[in-house]
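Next up: the structures, one after another.
What follows is subunit A paired twice: with subunit B in the first complex and subunit C in the second.
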Partner chain A sequence: MLRYTVKRLIQGVITVWFIATATFLAMHSIPGDPLTSDKAVSEEIRKNLEAKYGLDKPLGEQYVIYLANMLQGDFGISFSQENRSVNDIIREHFPVSATLGILAIAFAGLGGILFGALTALYRNRLPDIAIMFLVILGISVPSFVFAALGQLALVNLNDLFGTSVLPVAGWGTVLHMVAPSLVLGLGTMAFLTRLMRSSMLEIVNSDYVRTANSKGLPPTRIFLKHQLRNAILPVITVLGPSIAAITTGGFVVELVFAIPGLGRYFVEAVQQSDYTVIMGTTVFYGAFLVFMVIVVDLLYGLVDPRVRLE
Partner chain B sequence: MISGRGHTPFAPRPLAAAGGTDTAAAKPQPAPPSSGADIFNKTAGRDLLLLGLAAIAGFVLLMAVLAWASEATGGASNDALDPVTGTVTVALSTEPPQLDSTRATDMVSGQVLGHTMEGLLRYDQFNRIVPGVAERWEIDSERAVFHLRADARWSEGSPVTAHDFAFAWRTALDPATASEYAFILYSIKNARAANIGELPLDAVGIRIPDDRTLVVELERPTAYFDKLMAFPTFFPIKESFYQATDGRYGADAEELLYNGPFAITRWVHGASLRMERNPHYWDQDRIRIQAIDHAYITSDINAVINLYKDGKIAMAGLSAETLEDALDRRWNLHRFVDGSVFYIGLNHRPERVTSNLNLRKAMQLVTDSAELVYKVIKLPGNLPGESLFPVWLKGVNGYFRQEYPAPRPVIDIDRAREHLARAKEELGYDEMPPLIFLTGDNPASNKQSEYFQEVYKSRLGLEVKIDRQIFKQRLAKMTAGDYDMVLAGWGPDYADPLTFGDLFASWNQNNRGRYANPVLDEWVAVAQSSLDPEERMQAFAAIQRILHDDVVILMNYERGSVYVRDPRLQGVVRRAVGTDPDFTNAWIEG
Partner chain C sequence: MAEAALSFERVSVSRDVETISRPSLSYWQDAWVRLKANTRALVSLYIVIALGVFTLAGPLVWQVDPSAQDLDQISVAPGTDRAAVIVPRYQPWSGATARVEGPALQAQEMTAPTVSVDIVGEPTTQAVRIQWDAVPGASGYRVYRNIADPAPDDHLGLPLADILTADRVSFEDRLDLKPRYYFYSVVALDRNSMPAPVYNTVATVPTRVITAEEAVARGLADTPDALRLGDTVHLALHPFGTDYLGRDMLARLMHGARVSLFIGIVAPFVYVLIGILYGSAAGFAGGRTDQILMRFADFVVALPFLLFMILFRILFGIEGGDSGILPMMIAMAILAWPAAARLVRGQILQIREEGYVSASRLLGAKTNYLVLRHMIPNTMGVILVTLTFAVPSAIFTEAFLSFIGMGVAPPTPSWGSMCNEGIKTMLTHPHELVFPAVFISITVLAFNLLGDGLRDALDARMRSRE
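Right, the complex of A and B next:
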């Protein structure tokens, strides 16, 4: 177990280094740079700017300097917000995105498992058909549509009650978190529901459930211990990538609900060719996701004793 | 065998069949005529329900814990207007990227700085230049002298002095600051030389005879020097405070010192920015509201409208998509021209086909800006573009465009085809090669570029290839000359026609199509250094004529904006040049 963990961590570091290098090269190969601006600056002013940010050095040297700084945990200063360091941006905004992400994952995971079990239980009957219809909707409609519709629904809800039931946008209190986390988790929940349903149905036909039935175990016990626990395994497997989808897909939700999360910086940095923020957020998210996948794999071993981690 | 939960072990049951929905009954039921499947479903369903309730409880608990942990990021949820506390709540489109006035370049930073700082002079609600920190001033062809008022104060109580201006301007010119807007100071003597490191900063023509007098030597006569004084790069900075921030000046609310009507009291990056009345500001009588709360930061125009509908913000801009909804709700719409002019820039580099005048003429004769504005963009407020000089610019006495009307646009497809035939002959083509049309990657640009593609195809038989690029990449391609046509625009820095007039001078870096015409350059030189208003306006009229006759650009539109505003909020100033929107004169009714 320990050896396995160490091995995975080393692999993870190599992956992150690869991400950093690929991003660095891709970023420098697209036309335009952070100093390109709407109003053209004179040759002299541009030279001043290049010298200030070290962009006058050859690319190889910039790469070495960058890696050295990164190893010391310094991602540099943002180009578009020149007074803020990338470390500050990550420190201030990642907790917001993480809060939103944890809630969305919790919502998606719990909802997916419950609805998946429910549909399997009522297979081909009304609850199943109704929920599966919604699931297909949830999988096929992109999150920005849900975000816009969800917000509109809140406006109408508040209008109906004549008072502010839930805030339409903003961040800071529990109430601010409800709508965006539901919207953000909806797509993943739909996906997990479908996964859970098929995995439940598969297990219901398995020998050990039949055995449990025939030896007269009470249904509650069969359901909880034999069906649910086994059916949940594939769901945990996809949870890792789901965390990736949710944390990076939060951009639109953060924009629509005016949430000060990291997702907005992540996407806007690319549009502004803000080199340091692109590198900082990409490497940070990369490291975070690699770590989450390792955690999920370790968790898998705990949930399913048949899996040996070696 | 022992279930441990007190179920009766030996209940009669059918053998489980495939599908698993039918299985044992849990308890001896009072025998309703129901199948085993139903009973299983009921029991398992009840389990599921309990699990569900537990899940919801867990979810709520998690939410509470996270909310408690992230308390510091808090935002407000006040109503749009609070007459009791005098607070106006609005949204900002983005976080202000730079509040160090020597380095600020964007509209949002300009809007915040316009409320929290004050220059020597400022624009009033009628866009006239009026005294700011300076109570009187004299400008002649060689120098400008500003006399500072005695009661101008920083937000910590100390007086605003001539040193504060001299320090800010020298900092902006310092090559180490690398200010993008340093060029706007170039009408000060030796400013350019100091900015490119040829002369020391001490050589810049700024003298301080005493704390309340600032003397500026000019590089050349500058007719619009007074108007520059309202621009953020000319705002003051207190040297001792600036040095104490250790390079973080403007990064946070506490890292700034204010001399304007408002001061930032709370700034949560990316979330909110609150400004409250600055008690040390000298002109208290002018200010009627107590606080401006930017409680939301989002560029999503639908989110902004939803916040307005919900009564959370007092003002919201409209797009073509949200306009219909606004009309349905019978909201009172307000509009204003935001000052910017949009056009198709043409590449005049000799290796490009667009350097051929006949081709450009042919395109001009089929480019119908009225059709673009009324049938394609369809947002009220925009005006069909007829001249690079927008309608709001002042001339000698009245408006420039009334004194010197733009050449009337003519649409004539037959004449256009004649010009095209001549162009083909001159260029030696039987069939014109496709034109590369560089555009932005957003819905508005897509709509406009596809419209033009269709126009040139159907009216002239020209192939147009659209090259969509995001902002910086588009600028890089423009600078490299990698295009034939480009959707472009220009916004003013100061309220003088020169802010547009020098755009196509051969020396101007922003002349990315490399148009070069010595006659136009001469007129620009006249407009730059003449002090005679009549002579200057004639120069601009000549430039306007050349831009049209030589088809330097194809005019599209003057941008207008439509917005809704809480009717109780009065006195908000929207303007083409300067702080926009400006709440300093606003008040709440009722």
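Right, the complex of A and C next:
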């Protein structure tokens, strides 16, 4: 287990290095540089600025400085927001995105497992048909449409009760988190429900469930101990990619619900060509996702003893 | 006992007991039979074909320029009344004057709404003329217009004009009039131009009118002489309504479909092809080369897809007038091939060990023959399924990028960018969001269900247990 963990971590570090290099190369092949702007800057000032940001050095040297800074956890200074370093932006806004993401993944995971198990138990009966219809809808409708519909529903809900039951947009209280995390988790939940259903159906017909039935175990015990635990395994495997999907899906939800998360700042940075913020957040997000996939894989080993033996 | 004539007859032996009742089916014929049995997949296939017809033949039938603006009909929902009455050209109006002498008005002390407001003449979208009784001592009036009844909350709406002469008691509104309810409110002003707290309101619905010359200019009639005053003409038809710039939604949906479906179908084609080449190269080479190639693919998979789509979009930056379709396709091709490569490599490794390949090799088959006869046909099914599932994800990617403003550049319509524009007016004109969203959803749904059906039909091992 330790060997495996170390191996995965080393792989992860190499992957992050690859992401950092790809980001660096991508950003440096863009025509122009961050100092090219509408404002005409005199040659002298430009030289000074280039020296300050190290843009006058050869590419190789810039790359070494970039990596060294990144290793020390320094992502540089924002070009468009005064007096803010990329670290500040990440430190301030990532917790918001993370809270939203954790809530969404919790909602998606719990809902997916619950509804998936439910559809498998009521196979081809009304609950199954109804839930699977919603699942197909959830897979086919883009997240921004859900976000828009969610807001519309909130407006109508608040109208109906005459007071602000749930805030339509913004961030701050627990109430603000309900609607966006539901919307964000919906697509993933649909996907997980489908996965859980097919894995549940497979297990219902397995030998050990039949054995458990024939030796007279109570159905709840069979359901919880034999079926659910085994059926959850494939769901855990896709949790890594799901986290990635929810992270990027957060961009849209943060935009629509006006949530001050890192995703929204990333989109804004892209629109304002704020190069350091783009580079910093890309590498940060990349490292975060790589790390999450490793965590999920290790978690899988904990849940499924069979994997640990390998 | 008479000797009976014993006659022996030969019993005919039927030999057709074990004939095969139907001709053997090839893999693809069998798959087609299975697909036809799957109603959902079949309906999805028809929807996909219908979308193709809508996209390719649609613009030939509905020849409306998707970027032409119909300024008479902006943000019009489908099914809105389009009738317009022919009227003479606009005639200036001198208005009405009246003055009632009295002690100078102290606006804040005024309590009774002594102003009574009336509509003068026929209110039309050309002009709405209102007139009111003079207020004693007033040194001016202010006219407001609202599209909702101001009574409940005293929301008077848009201040249209400050009339700072005491004897003018009329106003002519020519500001962007639509055939809908307007509430005109008039308040008196005192010497310091302070409005009185009381007002009087008149409500009206202007009739939509158009002059004969305008009707000809908009292509509603051939010559002005063909139209008489009082005739009714119908404004241009927009079956799906218009957007916030007065552009025809149906034409935009058709041209948007070209972009969305083009990216959705061609991009997966390109990157699945790259994946096939890469994966089969790795699978054939085997050993160390295979490991290095696949490790590189692992790294590319680890790149956060949408983040790098955005990075590449900046990298390939689009010039003015460019649609931004090509950069998106290149970025997608660079980032999305590893999944297909992995799949194909796995298949090739598997098929290489199959008995029929060994048999074929024993019989002297060359590598080329093995590839063409066994490897490719046997991976085709899996590849087709991958391709079908790649389409919805590519359409989603395009929609996502266009929605956050990082996709197709503005004048070019795409379903994603139409959603982006529609979401801003979602509360007042929901049709601008609903139509593109429904088109995206139906397309993605159809391709997903078709993919399910194809998987069930083509690949017995991956068949879902329904």
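Just so we're on the same page, the second predicted complex is superposed on the first by the 282 of 310 C-alpha atoms of A that agree within 3 Å, B and C clash if a C-alpha of one lies under 4 Å from a C-alpha of the other, contacts with A are read in each partner's own complex, and residues count from 1 in each chain.
Just so it is clear, a contact is a pair of C-beta atoms (placed from the backbone, for glycine too) under 8 Å apart; a residue touches a chain by one contact, two chains touch by 3 or more.
The shown structure was predicted, so the numbers you read here are calculated from the model rather than taken from an experiment.
Overlap between subunit B and subunit C is detected when the two structures are superposed via subunit A. Of the two partner chains, subunit C is the only one touched by A:198; subunit B is not.
Touch criterion met: A:152 reaches subunit B and subunit C at once.
Once the two complexes are laid over each other on the shared chain, residue contacts for A:8 go to neither subunit B nor subunit C. Look at A:114: by the touch rule set out above, it reaches subunit B but stays clear of subunit C. In the superposed model, A:96 makes contact with subunit B only, not with subunit C. Of the two partner chains placed by superposition, only subunit C is touched by A:141; subunit B is not. The larger set of touched subunit A residues comes from B, when the choice is between subunit B and subunit C. When the two complexes are overlaid on their common chain A, residue A:286 makes contact with subunit C while staying clear of subunit B.
After overlaying the two complexes on the shared chain, residue contacts for A:255 are found with subunit B and with subunit C alike. Contact with both subunit B and subunit C is seen for A:271 once the two complexes are overlaid on the shared chain. When both complexes are aligned on chain A, the segment of subunit B among 256-264, 310-318 or 436-444 whose C-alpha atoms clash with subunit C is 436-444. For the contact definition in use here, the residues of subunit A common to its subunit B contact set and its subunit C contact set are 30-31, 148, 151-152, 155, 201, 255-256, 271, 273. Residues 14-15, 18-19, 22-23, 26-27, 29-31, 136-137, 139-145, 148, 151-152, 155, 198, 201-202, 244, 247-248, 251-252, 255-256, 266-267, 270-271, 273, 278, 281-282, 285-286, 289-290, 293 of subunit A touch subunit C in their complex. Partner subunit B is touched in their complex by these residues of subunit A: 30-34, 36-42, 44-45, 48-49, 51-52, 80-84, 89, 92-93, 95-96, 99, 102-103, 106-107, 110-111, 114, 117-118, 121-123, 148, 151-152, 154-155, 158-159, 164, 167-174, 176-178, 181, 201, 204-205, 209-210, 213-224, 255-261, 264-265, 271-273.
Remark: subunit B residues 1, 3, 5, 7, 9-11, 13, 15-16, 18-21, 23-24, 26, 40-41, 43-45, 47-48, 51-52, 55, 58-59, 62-64, 66-67, 69-71, 73-77, 91, 95, 97-100, 103, 105, 175-183, 195-197, 248-251, 255, 268-271, 295-300, 302-303, 306-307, 309-310, 312, 469-477, 479-480, 509-510, 512 touch subunit A in the complex. Only residues 298-299, 302-308, 310-312, 314-315, 317, 392, 396, 399-400, 403-406, 416, 419-420, 423, 426-427, 433, 437, 440-442, 444-445, 448-449, 464-465 of subunit C touch subunit A when the two sit together in their complex.
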